[in-house]
Amino acid sequence: MEEQRVKLSKKDVLRAFWKWTFFSHSNYNYERLQASGVLQSMSHIPEKLYPGDKEEQKKFMQRHMSFYNTEPHFGGIINGMVLAMEEERANGASIDDDAINSIKTGLMGPIAGIGDTLWQGTLQPIALAVGISIAAGGNVIGALVFALIMIGVMLPIGYFMYMKGYTTGKTGVEAILSGGKMKQIIQAASIMGATVLGSLTANYVTAKSTMNISVGSSTLALQTDILDKLLLGGVPLGITLLTLYLLKNKKMKSTTVMLILVIIGLICGATGILG
Amino acid sequence: MSISIIQAILIGLVYYLGINGTPWTTLLGSTILQKPLVAGVIVGFILGDPVQGAIIGAAIQLPFIAYISAGGAPPTDPGLAGTLGTALAMAAGVKPEAAIAMAVPIGLLGTIIWVLHMTIDVFFVHAIDRAADEGNMKKAVFYHVAMPQIVTLLLGAIPVALGCYFGSGVVTNIIELLQGRPLQTLEVIGGLLPAIGIAMNLRAISKPGILMWYVLGFILAVYLGLQTMPIAIIAGIVAYLYTDLIAKTEEKTVALDSSEDLDDDFI
Amino acid sequence: MSISIIQAILIGLVYYLGINGTPWTTLLGSTILQKPLVAGVIVGFILGDPVQGAIIGAAIQLPFIAYISAGGAPPTDPGLAGTLGTALAMAAGVKPEAAIAMAVPIGLLGTIIWVLHMTIDVFFVHAIDRAADEGNMKKAVFYHVAMPQIVTLLLGAIPVALGCYFGSGVVTNIIELLQGRPLQTLEVIGGLLPAIGIAMNLRAISKPGILMWYVLGFILAVYLGLQTMPIAIIAGIVAYLYTDLIAKTEEKTVALDSSEDLDDDFI
Amino acid sequence: MEEQRVKLSKKDVLRAFWKWTFFSHSNYNYERLQASGVLQSMSHIPEKLYPGDKEEQKKFMQRHMSFYNTEPHFGGIINGMVLAMEEERANGASIDDDAINSIKTGLMGPIAGIGDTLWQGTLQPIALAVGISIAAGGNVIGALVFALIMIGVMLPIGYFMYMKGYTTGKTGVEAILSGGKMKQIIQAASIMGATVLGSLTANYVTAKSTMNISVGSSTLALQTDILDKLLLGGVPLGITLLTLYLLKNKKMKSTTVMLILVIIGLICGATGILG
Amino acid sequence: MSISIIQAILIGLVYYLGINGTPWTTLLGSTILQKPLVAGVIVGFILGDPVQGAIIGAAIQLPFIAYISAGGAPPTDPGLAGTLGTALAMAAGVKPEAAIAMAVPIGLLGTIIWVLHMTIDVFFVHAIDRAADEGNMKKAVFYHVAMPQIVTLLLGAIPVALGCYFGSGVVTNIIELLQGRPLQTLEVIGGLLPAIGIAMNLRAISKPGILMWYVLGFILAVYLGLQTMPIAIIAGIVAYLYTDLIAKTEEKTVALDSSEDLDDDFI
Amino acid sequence: MEEQRVKLSKKDVLRAFWKWTFFSHSNYNYERLQASGVLQSMSHIPEKLYPGDKEEQKKFMQRHMSFYNTEPHFGGIINGMVLAMEEERANGASIDDDAINSIKTGLMGPIAGIGDTLWQGTLQPIALAVGISIAAGGNVIGALVFALIMIGVMLPIGYFMYMKGYTTGKTGVEAILSGGKMKQIIQAASIMGATVLGSLTANYVTAKSTMNISVGSSTLALQTDILDKLLLGGVPLGITLLTLYLLKNKKMKSTTVMLILVIIGLICGATGILG
């Protein structure tokens, strides 16, 4: 075994983590998204790995300007892994540009999916619902509670992921990702997320009919006398499922669907069908 | 209530800080500030009434409650709705329901700012490419950290500040005009809009059978009057137990498969 | 309230149309009309007060809510209870609870009509046999479509019309006599009777372990005050997920078995 | 392959479906139940399959006068299948009377079981509960809502089944019936049905004690002070389970059980135990 | 209210009968009498007010609701809390909440009596050893049945009787002194103590994942206001169905394993 | 096969069961716990099995004075089994002291675990909750209801277990214990027990904050305005989980933990944090 010439200190890794955490989206753009965020997060690394070697430092910089986009907290596991690979490479391991790049492009998609589901799809709506329920009555603490939940959960996750990526390295991360446990977590999070979205629909999508139907001498309120007996909240549920159908099965753009909802609202609101 | 120049600029700053990618703990910090729930309180504080800000902000948050921003082009901008929306609603002294209806079109305008900064930032990437070719890390960092922030600050804070300062009068008049059925219609629209965020979110996690869980959550909330937190806890536990059972079934198959491989090896 | 001859005949017709096998979309149409819930409104309409008919009909429906008619001899006839029962209850002006108690014995009488037409129709089958031997399709169709309907019409409509016309006075007197504890006892009986339909239905779907789900549904309804619709939806989803897990386990066995067969083949 | 001489048109099949739907029970009787219903539903078929051939037409008629009883909507799959077999037979396939008859008698039982469970055991009580909840307050729409739910669900099922039977034919239907999916659907429907029956018991079987118990100076209401603390609705639940026990384990006839309930009600009502 | 000598002795007897191992259907009888819920009514009866006894006893039962006594040294003695505690609380005429706070320290004292009789009984075991060596069954039975009961009776009934007779005055004074915040603090403590019994019980049945069910039960009770009985029934049914699924999965493995053993045998 | 010389009558077995039921803990002690309870429950047996044979009777007595401790109702299965083994032994089967002793010591632990879980961990808290709910309003029947539930369930179980043990004998009992069904019952009972304990926590552990927080001019009630929005009953839940943690993970003695709770209560009560 070859003797290790350069070694990143704990502090080097920590700095990279914090820079990634703070600046990943600083220069977010249509062409390469988080590309320069990756580079900047490791801006102190080349001088460490290739002290004085301008040529290698230049190659390092070029290497990390490729297209990159992932969910930053969970995706930190990739960044940590890349850092470990760069360290090995500087110590002579045969890791070429392609290897590093394909790891990045191969993993950024799935991990973004996982991360967005867990974070934006599950945790954030719950924390928002809690925050709103506190704030809606005029309680300024609601916003703070929301912020503390988000930071309290996400920052440790981000830290853990980055460090896990750095210490486990390439094979370790792939093992984690392909393991049954990871699959189960995603599955469980999706189920939890979907159930929570159901409760959000019930609590926050509102559509009630104000129409009355006259049958002979008696008058029936469409909403309370008929629709509510069939299924409480059936209209909001139906509208949300319609929205999903348009987005997913009809592959409409979300702005188009929003327009459709606005038109439905306009018509039903103006005619008094809903109100 | 009228908005002073200083107040308008401060609100503009709040908007800027809530754009994805400002040098806060990116996404964590900025997405928190981006929420109308949070921005509302701060705007309220700037305008001298944090309690009213909290109420308006919580209301404007509703249509964005399940808003998910993944990669590409966002359909609307909760940040603009939460800052400019809250400010104008407070200036016009409207009820929370009307604030929602006002904030939604404002949110749509925000996507323009997003498109602009996402496009302009492309120039900086190219500049960093050149810095990389020169091996000049300092320059690369400068183009990543400093330049885009100046652009975003100008693109974000200025229009919001102007909007706050000049918009409040206009909006008050418009609200005046819309009294009655029109405002009610806006409220109907506001009630429908959370469906978008929820549906986009559902689409993102969509797997066969997932809609059943969605309907389950809906029924539990509607008929048992359960809030989001207890449903989340119940759903989390049940989901774990359920997927654990599935994993147990699949383990067996794997065990089976591998044991058969063994058989093959032996023969 | 007294019932005119015309009204009595119309009500008799409604009863006839609710007998299984009248030329409505059989079973779908006739079983709908057979329900006191539906017949009640129509009878009410005939008697000039559909609203009261709806109330009485919904009440009389209760003991028959889970009534299931499969093949053989039905234990009672919701059709007679819903038509004659509603008519007499409206004529006597009783409360819905008392209407239930009146309708139940009337329902039992209906089985006589059923036995009669099911027996008489046997003659027509033999007539169609002969038509078949002659290859005479027209005659076969006539004996299938027309003849049994005439019989059923006479067997069904006439007694009901007579019952309506002459029964209302008698029933009013009886009800008068039963005031107090006796009527209350009839109501107690009426409260127990839905148990029959439910138990027959349970017996029909009985499988090991199924009673646990029954108790679950009961507890959810009693303690959470859930109505039938939400319980049906929740139960449907949970049942699907549960049986899906069972199917997954069994798949494995099948997979296992077949793979073992394979092994056998190879050896 | 032999060239096909006679072919049923789409319209022929449709007519058979509609006649079956309208007249299946027109001549329902103790001896052969729906036998002549099957024949009449295909009354236009013999002339089509054996134009002018009186002998074959006669045989066709005799063939379809055998005992038959199934749930008409789901059972349509058998009728459709039989129609397809008759068509093949007329085109020379070797399908004898026995084959057709054994298909009918073999499948009519199981499918009646499935159909009755799904329709009368599950859908109908739910639709009735909805209808009652609307109508009980004097709303005439309740009956209509019930009717629309029933027709809206059952007619499409009937149509689908008949056509499925005709197009898939014999082997197809057997494959469907023996497949795991069918088993799962029945299982799930039974579970759903049982749960719904539980809620019906809770909502519609009523039995409350009005007895009071005196302990020293204080008086206890048996129902609210004791029974309700043990188990809400325990008496109705117990009575329904007793009914089930008599029907199922003691194999009593339903009329006998009804008599027993009436007697229980008489005694408990007259003595004031229940009231 | 003051307690007479006779009453004090009777209460002492009740305490004795509730000690594990008195010649009632051991554990079934004695543990029933040991419950403050039961002892409270009896003490109330002795003191002439069973209704108040029931109320106080039910309250004192609370911190012991999930108390589990398995083998070794019990952490507290519900029997003493239920007898002496109820008696003193009734004598002092305190509210149920204060009775809980009084009964808890009393319960702790009870462990002394337990330790004493568990130690003294060791002598009798040795006596029975000697009887066995002599083959003298009569003597063995005498040392098992009679002697320990006399000891337990003295150890249990006397202190309780004395406590009742002399304690009531003292306790009334103490309660007087504690009015206000101190008593309120005792009530806070009383509210926390059921956690011990529950946690000990949870520890006893602890298996991986079991805490999820615990939280589920908690959420259902808190958010749906469900009492213990419906939760027990629901949990029982769901637990059966869930473990049945697990058993089904594991069957497969067993089936698999054994079939592989078969393979091995054949090779 | 050897002819059987001595046979225990049904009455002998019953007497042993009842004596065990009444006197198992009569001489409960630190050294050998239920040892003499086992002996006394069979005090009429030696004379039956070894009539007149003083030596064997002495050995019998010595044999059953060894350490024994189990849950008496469920554990009766061991006692019954031991009785059957003694009978066989008296009839010449080669069962030595060790065999009998190891059966007792081997099974008493697991069965105590099962029994305590099912009885004290599951049934008893439920019955207590029912009893309390009746009694708390001043209803003296509550205690009776509790007693009847306990006796009504536990006595039949005790009887069944003892008889099962006697009739199935050694191998039978081991088969029962190692079978999957037993494992499932324990598992299900644990789940049910844990869920019930959750509901007990919700209903009986009470801890509410009475603190108010002033934010500017407005005053927030910590409990109702913030904590209840986060999680209803979160404080009692947290305290119970803390208690469990101290007991289980920190392996503290229950009296120590009780002391800690008392101190927490003192501090929070005195300062008015809780109240």
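In order of appearance the chains are A, B, C, D, E and F, and numbering begins at 1 in each one.
Note that contacts are C-beta pairs under 8 Å (C-beta built on N, C-alpha and C of every residue); 3 or more make two chains touch, one makes a residue touch a chain.
Please read these numbers as outputs of a predicted model, since none were measured by experiment.
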item: Required minimum of steps from chain A to chain E, each step between chains that touch; value: 2
item: Centroid-based (C-alpha) most distant chain relative to chain F; value: B
item: Contact-richer chain pair [B-F vs C-D]; value: C-D
item: Between chain D and chain E, centroid-to-centroid distance (C-alpha), Å; value: 54
item: Distance between the centres, which are taken as Cα means, of chain F and chain C, whole angstrom; value: 51
item: Set of chain C residues in contact with two or more other chains; value: 50-51, 213, 215-216, 219-220, 222-224, 226-227, 229-230, 233-234, 238, 240, 242, 244-246, 249, 252, 256, 263
item: Interface hub residues of chain F, defined as touching at least two other chains; value: 130, 133, 137-140, 216, 218, 230, 232
item: Interchain contacts (touch definition) - all pairs; value: A-B, A-C, A-D, A-F, B-C, B-E, B-F, C-D, C-E, D-E, D-F, E-F
item: Residue ranges of chain A in contact with chain F within the complex; value: 130, 133-134, 137-141, 145
item: Of all residues in chain D, those that touch chain E in their complex; value: 216, 218, 230-232
item: Complex contacts: residues of chain A adjacent to chain D; value: 213, 215-216, 218, 220, 225-226, 229-230
item: Chain E contact footprint on chain C (complex, rising order); value: 209, 212-213, 215-216, 219-220, 222-224, 242, 245-246, 249, 252-253, 256, 260, 263, 267
item: For the chain A and chain B complex, residues of the former touching the latter; value: 21-33, 35-37, 39-40, 43, 46-47, 54-55, 57-58, 61-62, 65, 69, 72-73, 112-113, 116-117, 120-122, 125-126, 128-133, 135-140, 142-143, 146-147, 150-151, 154-155, 158, 180, 183-184, 187-207, 232-233, 236-237, 239-241, 243-244, 247-248, 253-255, 257-258, 261-262, 264-266, 268-270, 272, 274-275
